[in-house]
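One chain, chain A, appears in both complexes that follow, with chain B as partner in the first and chain C in the second.
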Partner chain A sequence: MRFRGKIIDIGCIQHFTRVVTTISKLVKSCTLRITTDTLYFILSERMVTGGTGIWCQVSQNHFFDEFNLDGVSAEANEIYLEVNPDLMVRALRTAQNAKSVKIKLTKKHMPCLTLEVELPTLAAHSRLVTHDVPVNVIPRRLWDEFEEPELPDFDVTLFMPCVKILRNVVDRMKNLSNFLTISANNSGEMNFGVSTDIATIKTHFKDVGHPNWRETSDRDPKEFADARIDIRKLAQFLVGQQLSSVKIICNLVHEHLAHFFIVHDDVSLQYSLPVVNS
Partner chain B sequence: MKCIIPGINVKVFGRAVHSLSKIGEEIYFEPLDDGLALRTVNLSRSAFASFIFRPSFFSIYDDGHATLRNDDDVLKCKIGMKSCLSIFRSLSSLEKSVDRCKITLNMDDCRLVFQLFCRHGIVKTFNLTFIECETLQAVFSKEKCNNVLTAQTRLLCDAVTNFQASQEEVTLIVSKEKVSFKNYIEDEPDLKKVVHTVLDLVPEEFDLFQIDAPADITFCLKELRAVLTFSEAANMPVTMRFDVSGRPIAFCIDSDSTFEGNFLLATLADYSSQSQVTASSQVGLTPQTQGQRSKPSVSAQRSTARRANNGSSKSKTALKNMSKVSVEPPTQSDQGNEDRILPISLLGEPEPQRQDSPTNIEEEGTFVPGTPPGKRFKSLFFGMSQSTTTGSQPSSTQHQVLAADTDDEGD
Partner chain C sequence: MSLSTQESDENAQYVLYARLDNAKTMANILKAVHFKDTAIIFASENGLKVTVEDCKCVQANAFLQSSLFQEFVIKEEQVTFKINLTVLLECLNIFGASSIPGATTALKMCHEGYGTPLTLLLEENGVLTDCSLKTLEPDETLDFNFLSTNVVNKIITKSECLKAAFSELDLSSDILEILMSPDEPYFRLSTFGNAGSIHSEFPKESDLVESFQCNKTQANRYKISLLKPSVKALMQSTRVSVRTDNRGFLSMQYMIKTEDGQVCFVEFFCCPDEELENDEYS
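Up next, the complex of A and B:
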């Protein structure tokens, strides 16, 4: 089992850092699945532990200049690791002006993802910083738990309103209630609301964009779909994500699921929050 | 005593106070023939810092010795760090507004007076209460160090930024081929939470690279950061002088004629290589202490003392002998320790010492942290060495594992 990758371009290093930072803001520990062409950051909580799901896909060749992988076996050419993204971020932060970053799987005092950062100096030589980030290798019998979740048929699909505004709105609402209800319909109306015993507060957004992303069901465009979700988790996502400030797709399954989707050429992130019933 | 700091130097002086404030809680003030000394020591006495501002740093410098009959009357005092820091709080505004700073002593009211003469005729006067005390001095001989490294501040700052803000200690590993900084990890129960970081530097990066003996020394990052806050702003190279683990490391900043700064940090004693350390630490002693610690007998006395200690019936004489050398906590296992001397004491002291070791505080009973040091020389102890001692077993195994880098990835 071997893995070794090298990023040279400073833009790629910074972008990769942003991806990992985004993940680290959402979750303390997640699964890193490495295949020959893609890196995945995966979280699939069971319903009893919250049911949050993260599926982040990073296409390897957009970032890495060298990428060598010998998986568990020839037919299962993959590696699954349990990583703490926050530790990875701390290591990557020292590489923000690096000449190159090598990431490799090593066995030191324990299995580690070793990040070798080559820092520039004024002279000809360069400095080498090595960070050993401890990881856990996930045995093959547990791989089934990390399969890509199947997307359900969404009732409503819309772009999120401007994140900057929404972030402020949600941050304020966070002080009032633990749960927020998103209700939206396919004709571009989107409401974010909290309700307590003494007050109900709702922020309405109109004419929200509609992505031509998938065929939506033949649902009445005026009919609202509701999703009552954990407001903290939504706030975390809005505050912590560093991938995109526009074009976040929000999908709702009425009284079942809220699903947020960021798609780029090289990175995609899905974040799904289950509905919490009152 | 009276001295006046010209406007351009006020910021340097203020920055020195800032740097000292990151180490100690009190600032020791002493006018000398060859300049004004500001010193401090941290609570656990594991770090000592001093600045000496030469007369040329001031526009007027009068140490006050001329008017006194004998040298003992010269004021040596300490003032609270916070009150001194408040004078120089905002360095950027000091630079803009202060024309000169006058430091005088008001003997009638027992106040040390700082006056900042600012633009537009504004005069800010600070009357600080002080406590008279003896000279604070760490005995450390720069010449006795085998290893000397001089680096531009930039290099050290860049090196330090690779470590987490929460990182407490770093290990400096030097050999003739390279210099490495490594984060020092104390017995962390959960290995999964710790990132091991190593930074390698080639000798060419240093202005002066003189390594006689490979060394592996661990010291506090916090105090190194204090050194760097000063040197970075002054943009002056820093010279590190050190020997082996357990012996202190000195960081020196020297602007030939106007001032110099010295920071002395205790380093963690490496218990596995203690026997070799013994010899060199003996050599490194200053003449005063050599007389007290008659060489071969010390170890014998110490081992007696420890035995008595373990039997929890420590005689006063045994304690006296022990306190000349620093004592390890009684929890340390006895085997193989008989013939070695703990090198964590930086300086000798003819009188019984205040010890960090809990047993000694108990025995002496009178030690209150922060009281004025009664004697000319004070010890620096490394407080953390205790925790390492008690947990020495796990930590040594951890080191073994770390050493074996079985990186099988094959570059």
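Up next, the complex of A and C:
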């Protein structure tokens, strides 16, 4: 089992750092799945522990200049690791003006992802900073816990409204309640509200954009779908994500699921929050 | 502004209806008295008086005069209710507490009368938020019976004077002594903490002191924990009037300039900690 990859372009290093930072803001520990063409950051919590789901997909060849992988076996050419994304971010933070970053799987006292950061100097020799991020190798019999979640049929699909405004609103509401209800319909109306013993607050966004990425169902465009979710998890996502400030897609399954989706050419992130019943 | 379009027939059922173009004005004034979760709001044709009390010893009143609002309608002589001030402030700042240039939050506030919620409608850049806050049975508020005829000493100064002194208060001291006197040292704040006593004296000839009317030497002690909340108001204010009456009760009135140039007042009353038995500290 071997893995090594090398990123040279500074733009790619920074972009990769942003991806890992985004993940680190959402979760303490997640699964890193490495395949020959893609890196995946995966979280699939069981319903009893919160049911949050993260599926982040990074195309390897957009970032890495060298990428060698010998997986567990020839027919399962993949590696599954349990990592702490925050430790990876700390290691990558030293690489913000690096000449190159090498990431490889090593065995020190325990399995580690070793990040070798080559920093520029004025002299001929460059400096090398090495970080060892401890990881756990996930045995093959557990792999099927980390399969890509199947997307359900969404009732409502809209772009999120202006993140800057929404971030403020959610931040305020966070101080008042633990749960927030998103209700939206396919004609571009989207409401965010909290309701407590002492106050009911609802923010209304109108004419919210609509991505044409899937056939619209025969659902009445005026009919609202509601999702009551953990407000802290939504706030974390809005504050912590560094991938996009405009095009975040929000999908709702009425009284079941809120699903957020960011798509770029080389990175996609899905974040799903189950509905919490009152 | 979209808020003002259909109000004429809509506000018919309200006992209290107020419209304000910049909700931040109201938020800033309320912040000055926000040292407890709940406040009692007295609405009359003069405007709103927001009262916050603590320990039956200190009372803060913020006055939002009706002229502050672009529209202020009240159909009863007085409307009184208790409200959760923390939640009210969160609502007023729903679009963010920091001011982004060019973006102001417009506010429409309605109340249908006893037992009904206070509804707020806020709008910024076409995004609407509506809030409905439960109103509670108002508590009896304290009457400090602070009459201007009983005032012994009165000083009006620019706030800079007191800001430095208050922001550096020695909090290891339980009490703050305020001495006002027609003779030297005129006006002195003292604390008696673990590390020693600190006296800040203000000369009466200072440019910052605008009015000095002291008739009798008076040194009164107040609990710092009770005065500390008034610092929020002090920091926002431009001028402050400090008065004490013959019983040693303290009144501090702060003049606060709003963003659009209007003047609002916030006052604090505080009762003295105990009678000073002798002159051991003076």
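The rule is simple: the second predicted complex is superposed on the first by the 278 of 278 C-alpha atoms of A that agree within 3 Å, B and C clash if a C-alpha of one lies under 4 Å from a C-alpha of the other, contacts with A are read in each partner's own complex, and residues count from 1 in each chain.
As a convention for this text, contacts are C-beta pairs under 8 Å (C-beta built on N, C-alpha and C of every residue); 3 or more make two chains touch, one makes a residue touch a chain.
No experiment lies behind these values; they were computed from the predicted model shown.
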Chain C versus chain B on the shared chain A, clash or fit after superposition: fit
Which superposed partner A:P161 touches (first chain B, second chain C, both, neither): second
Computed vertex angle (chain A) for partners chain B and chain C, CA, steps of 10°: 70
Which of chain B and chain C A:R140 touches, first, second, both or neither: neither
Which superposed partner A:D132 touches (first chain B, second chain C, both, neither): first
Touching partner for A:R232 - first (chain B), second (chain C), both, neither: neither
Partner chain(s) touched by A:D197 [first = chain B, second = chain C, both, neither]: second
Which superposed partner A:K206 touches (first chain B, second chain C, both, neither): second
Lowest C-alpha to C-alpha distance for chain C against chain B (Å): 13
Shared contact residues on chain A - chain B and chain C: none
In the complex, chain A residues that touch chain B: 2, 4, 84, 87, 90-91, 94, 104-110, 112, 114, 119, 121, 123, 125, 127-134, 136
Partner chain C, residues of chain A touching it in the complex: 161-162, 165, 168-169, 172-173, 175-176, 197-206
Interfacial residue positions of chain C with respect to chain A in the complex: 84, 87, 90-91, 93-96, 124-134
Contacting residues of chain B [partner chain A, same complex]: 158, 161-162, 164, 191-202, 204-205, 398, 401-402, 405-409
